[in-house]
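What follows is a short report on a single structure.
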Amino acid sequence: AAVDKITVGALRFTSHAATFVAYERGYFKDEGLEVEIKFFQAAQPIAVAIASGDVDFGIAPVSGGLINLADKGAIKVIGGVLHEEPGIDGQMILASKKAYDAGLTTPAALKGKSFGITQAGSSFHYVAHKIADKEGFARSDIKLKPLQKVGVIIGALKSGQIDSWSIVPHIAKGLAKGPTVEMIGKVSDYIPDYQVTTVFTSAKNAAQEKEMVKRFLKAFSKGADDFNAALVDKTAGEVAAEDMVKLIHKYVYVSRPYEKAAPSIRNGSMRINKNAKLNLTNIKDQLAWFQSENLVSKSITIDTIVDSGFVETY
Amino acid sequence: MAVLSIGIFYYMDLQLKNITHSYGEIDVLGNIDLTVNGGEIVCIVGPSGCGKSTLLRLIGGLERPVSGEVLLLGEPPKESLNPLTYIFQDFALLPWRTVEGNVSLALEDHSISKLESREIINDVLSRTHLSDFRKALPRQLSGGMKQRVAIARALAVRPAVMLMDEPLSALDSQTRELLMDDLIDLWMRESFTAVYVTHNLHEAVRFGHRIVVLSRRPGRVREVVKIDRPLGDRGDANADLEEVQQHLWSLMRDEARAADRELLHG
Amino acid sequence: MVNDRARPVPFRGGGFKHKPAVAVSLLVFVVLILFWEVGSRTGFISNLVLPAPSEAFTALLQLIETDMLWKHLSASLQRLILGWTFGTLFGVCVGLLIGLFSIVRAGLSPLVSAIFAIPKIAMLPLFIIWFGIGEGSKVATILFGTFFPTVIATYGGVDNVDRTLIRMGQSFGLSWLSIVRKIIIPGALPAILSGFRISASIGIILLVAAEMIGAEFGIGAYILLAGSLMATDQLIAGVSILSLMGLTMAWLIGKAENYFLKWRM
Amino acid sequence: MVNDRARPVPFRGGGFKHKPAVAVSLLVFVVLILFWEVGSRTGFISNLVLPAPSEAFTALLQLIETDMLWKHLSASLQRLILGWTFGTLFGVCVGLLIGLFSIVRAGLSPLVSAIFAIPKIAMLPLFIIWFGIGEGSKVATILFGTFFPTVIATYGGVDNVDRTLIRMGQSFGLSWLSIVRKIIIPGALPAILSGFRISASIGIILLVAAEMIGAEFGIGAYILLAGSLMATDQLIAGVSILSLMGLTMAWLIGKAENYFLKWRM
Amino acid sequence: MAVLSIGIFYYMDLQLKNITHSYGEIDVLGNIDLTVNGGEIVCIVGPSGCGKSTLLRLIGGLERPVSGEVLLLGEPPKESLNPLTYIFQDFALLPWRTVEGNVSLALEDHSISKLESREIINDVLSRTHLSDFRKALPRQLSGGMKQRVAIARALAVRPAVMLMDEPLSALDSQTRELLMDDLIDLWMRESFTAVYVTHNLHEAVRFGHRIVVLSRRPGRVREVVKIDRPLGDRGDANADLEEVQQHLWSLMRDEARAADRELLHG
């Protein structure tokens, strides 16, 4: 078969490991795909690059921007990637030491407190509102502070300028070890089965290159399996884990020496959905939340966003 | 018109027709009628601020008169690079160019060879006693030297009509005398046409075929004095020149007295 | 008599002067926007990222109707005015110091070059620590961003002041301060005002960076939100407000130039 | 004879001139960095966000050891040089046109003010569509960023050229082009070079914005990554590379000034 | 020293001791020794570029000589606002200030009332015939008018020592005559000390108690000519003055001839 040339957009995060593994171990080649990985600094531009045709596949959380691009007929979500599941360390809710000492010891006390988010419409925003909903106070009782960048939020939390935040476990654990931040809860208590990130492609690919998309997902899932086995379930043994970390280190934390990078990579390993399964229920909930916040048009349906023809959904 | 023609039309005549000029509310020149014949030097004298420099700018085509027109008759000689050439009262040297560079500026737009241009520059710099200073920048020159650079630059383009605005004012009497001799020599050889603004009556009678006395602002032609003695023959003490100078002097003094009276009473 | 060969002296002067032509300015804008609208309608310009001006205009109207425009605008203007005023003020002061004292120049001018080149966005985490996530850090971002270009423009202007005028001032026994106030500052003013044009635009640009940190209202915050939602009509609406602010600043500085530099002709 | 009351004429001239003092420049940097280091070690400067210079230096060494520095640096320098060169080149050209023609000024100068104020970051999505995610959009970001300040500095400089010199050029029948080349451009050069100082720093700043889109290597990408990982030592290392670039550019422009403006004394 | 003392020390004397100056490789002044007594006007003449302006800058403390020193004797009169005052060869007017503003610049640093300052300005502007132009900017003035503004500004500070660098060079003879009379009147009233650089020998003999002739660059004192006739008594034609002028003239010519010879052979 002729070789398809495709471009995959990625961030230098452990959560994109499946792509790296599939690339390094030749799974893409096996599927007749010649892949070029383009690196980005944020998920948003990947979506734009897919819309413009510069990139074929990408991984990102479901965001307002993604939904609007899908609404314009530019992109489609085709599978799931990161996923919260019981028993595995998931996103955690943090409080600054100052706020903790002042009584913010459980998420229930978040009423009237400030909460860091990157932007309105981001996953942090969603999490904050879900907490409010479950704890039974008005969403507006949490004071959201849009700070754009994770780094900035960390700075603000450490220096006590915001009271609370939620974040993936390896960052959360790292922070909580320090004297200035305390852990006060788990996101999975508020959003069970949270579909954190998804894999998506251009609407054109989803409609006209179904075969190629399937092959991509197959290779991607194989990479995900290796990753899960080596670092999440740890069933492949220490040697395989070590190899995996080395492989990932080629792409992530490259500027740090291996010894320093390895723990961060290991800590940051979260389960990637087997076979890119997609939790459509949770995606629907997210869409409903976006609509309830007037961030996207009320007329958008789940079918506009997701093409569920490629992977198992639930 | 061209009086000194050697068979063909060679010199350029200038004709000023009823020229009036003003800046905003200030009337500067009123109804100036004047003909400058080819090969003739016309000196313009008049009180400070009466519009002499303005008149020269109008003649040179650097400004347009409010009314009236300046006409040019005859063809410029072929070897003239810039028929109507100016020597500015405030020198107008480019501060970023050396003496040499300032002179060469006037030559660069003409198709003359590097060699020829170097020769011209050497010639005019030695005539203005600036050869030692060819590499100096304007800020390193004395006032008189700057003025000499401006003269050298004007000479370099072999003008057919020279418009000179107090070209020797910043020079010591001796250098002035030398440069005046130089200009007279030049005129004897090439009989260029010139309009020469000066406030030095001695210069005016040495150098002018006719001397136009302007009234104070708004400048009008008050009197035109013709001097018949040939330029080459106006050596040191000459009774008739002395007399003309005295006459000019009295004209100017009257003008100034009138101005003073006006100031007192008006 | 060859009067038929008489011709007026060719006019060589003139030019290199400016006549205002407001009509042309307006025309350029109108033509550009029309072209864009037509391009969008015919699909020549992809609607994916660049919406038609009419759509952006609708978004703008919505902003006005919901009374949000004033909230955003007043928040941003306050930051801009504070940041720009102090940034240029300090900038002129430091620029003067650098221009006037060799020792300050040696000490500060490399520092200015070094710090100017540091991207404000990279420094946001630090700004938060120093100035908090309230108005302080926002104003500080704009202040820093406008400070450096002003410094450079100012000392460039001071360097260009005619030294003979300074010698004149000294010969009349003017005090050092008088020379600075009456000779150096007016002489450097054209360059300083030209620097203001640049710093005003930079200040407006930095509204976006400034409002990245915990801003609820502000044109920059509005644009950021629109961008993250890929709401391109709102994005363009927000950006065009910034453009209008840029135009207004340029117009004001043009007025100031006309007033302060009328001696230049 | 009261010779005992004779005193030398007080010296009133001098001053307002510059003597280079490299030692002072170095001293300032050394003192600042020492102060910072000591502050960090004693805990006076919280290690929270601002690491000690020695830590940043270690990160820098690491960068050198892993041979990554050259990769990052060469990628960034290439973008910077391309973007800045063309940005300033076009900027000077357009600035000259605005300075020389009333009609161009009327048409373009408001446009420049309007577009200058648009934040590059907000326009990244558009740049992706227009120039792709390769080098094009990165170079374009820097090009646009340096273009506008150069335009403004250039036409500010042209406006400030002594009109009597232009009249002189006209009186010698110099062609329009000669007047521009030999009188207007040298006369505007001090302002243009001062503008280059500003645009060079802006270009360096914009490396970060430019490398937001699909950049694998580059100092900006390195900084962004360090920021998103909260690796402050690397962040500071990256930022200090930008600072050094800023210093180098300033030094080069200083040399150019010494060469081209030596007539100024 | 102070010759014209009216009982107390009032005027300021200047003493130049063995002054030498050079710019880089160019020697400009060599071993100048000169005393200017209080109340005396010393004219300096010499070929263009010989260092006259430089000498004046050294005297005024605007530059420091390479070797030698300039000493000042006596106290300045109290009413003098700027004892050592300059009139620059190139006017040095602030282009952004009006005529009035340029004059007031010199007054603003002194504690004089608004009213008094206005009176001074009115006075000096009318003495230089500039009253009509008080609101004009320098670019709107003629060359002579600019020079008059520079003179007005210098007069405004009531100098005890005037350092004048060709102060009348850009003026027409009539205005020059008037301003010269004005300066002489002023001297008769206030007997200021002055160093007056000029290239106009007529001016020099009208105005100087002593005339210093400098050689060409590097400038050295070639001769000092003393004129005993009082300033007030130097009206029109005076045989002795005529003679001095002729003498100066021949000195200058010799100097220039030497320079010419050097140029030819060197």
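Lettered A, B, C, D and E in written order, each chain numbered from 1.
The criterion applied here is as follows: a residue touches a chain if its C-beta (ideal position, glycine included) is under 8 Å from a C-beta of that chain, and two chains touch if they have at least 3 such contacts.
All of these numbers come straight from a predicted model, not from anything done at the bench.
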Set of chains adjacent to chain A and to chain D: C
Minimum number of chain-to-chain touching steps separating chain B from chain C: 1
Pair of chains ranked first by number of touching C-beta pairs: C-D
Centroid distance [mean C-alpha coordinates] between chain C and chain A, Å: 39
Chain centre separation (chain C, chain D; CA means) in Å: 16
Cα-centroid distance, chain D relative to chain E, in whole angstrom: 48
Whole-Å gap separating chain B and chain E, where each centre is the average of the chain's CA atoms: 28
Multi-partner residues of chain A (each touching 2 or more other chains): 48, 51-52, 149, 151, 154-155, 159
Sequence positions of chain E contacting 2 or more other chains: 60, 62, 84, 90
Residue numbers of chain D (touch at least two other chains): 12-13, 48-49, 125, 128-129, 167, 170-171, 173, 227, 264-265
Full enumeration of touching chain pairs: A-C, A-D, B-C, B-D, B-E, C-D, C-E, D-E
Residue ranges of chain C touching chain D (in the complex, touch as defined): 12-13, 15-25, 27-29, 32, 46, 48-50, 100, 102-103, 105-111, 113-123, 125-126, 128-129, 148-149, 152-153, 156-157, 159-160, 163, 166-167, 170-171, 173, 176, 179, 184, 190-191, 193-195, 197-198, 200-202, 204-209, 220, 223-224, 227, 230, 232, 235, 238-239, 242-247, 249-250, 264-265
Contact footprint of chain D on chain B as seen in their complex: 57, 60, 62, 82, 84-86, 88, 90, 92, 94-97, 105-106, 108-109, 137-139, 153, 157
Residue ranges of chain B in contact with chain C within the complex: 1, 9, 14-15, 57, 59-64, 69-74, 84
Chain D - residues contacting chain E, complex: 1-3, 5-14
Partner chain B, residues of chain D touching it in the complex: 164-165, 167-175, 178, 182-183, 186-187, 261, 263-265
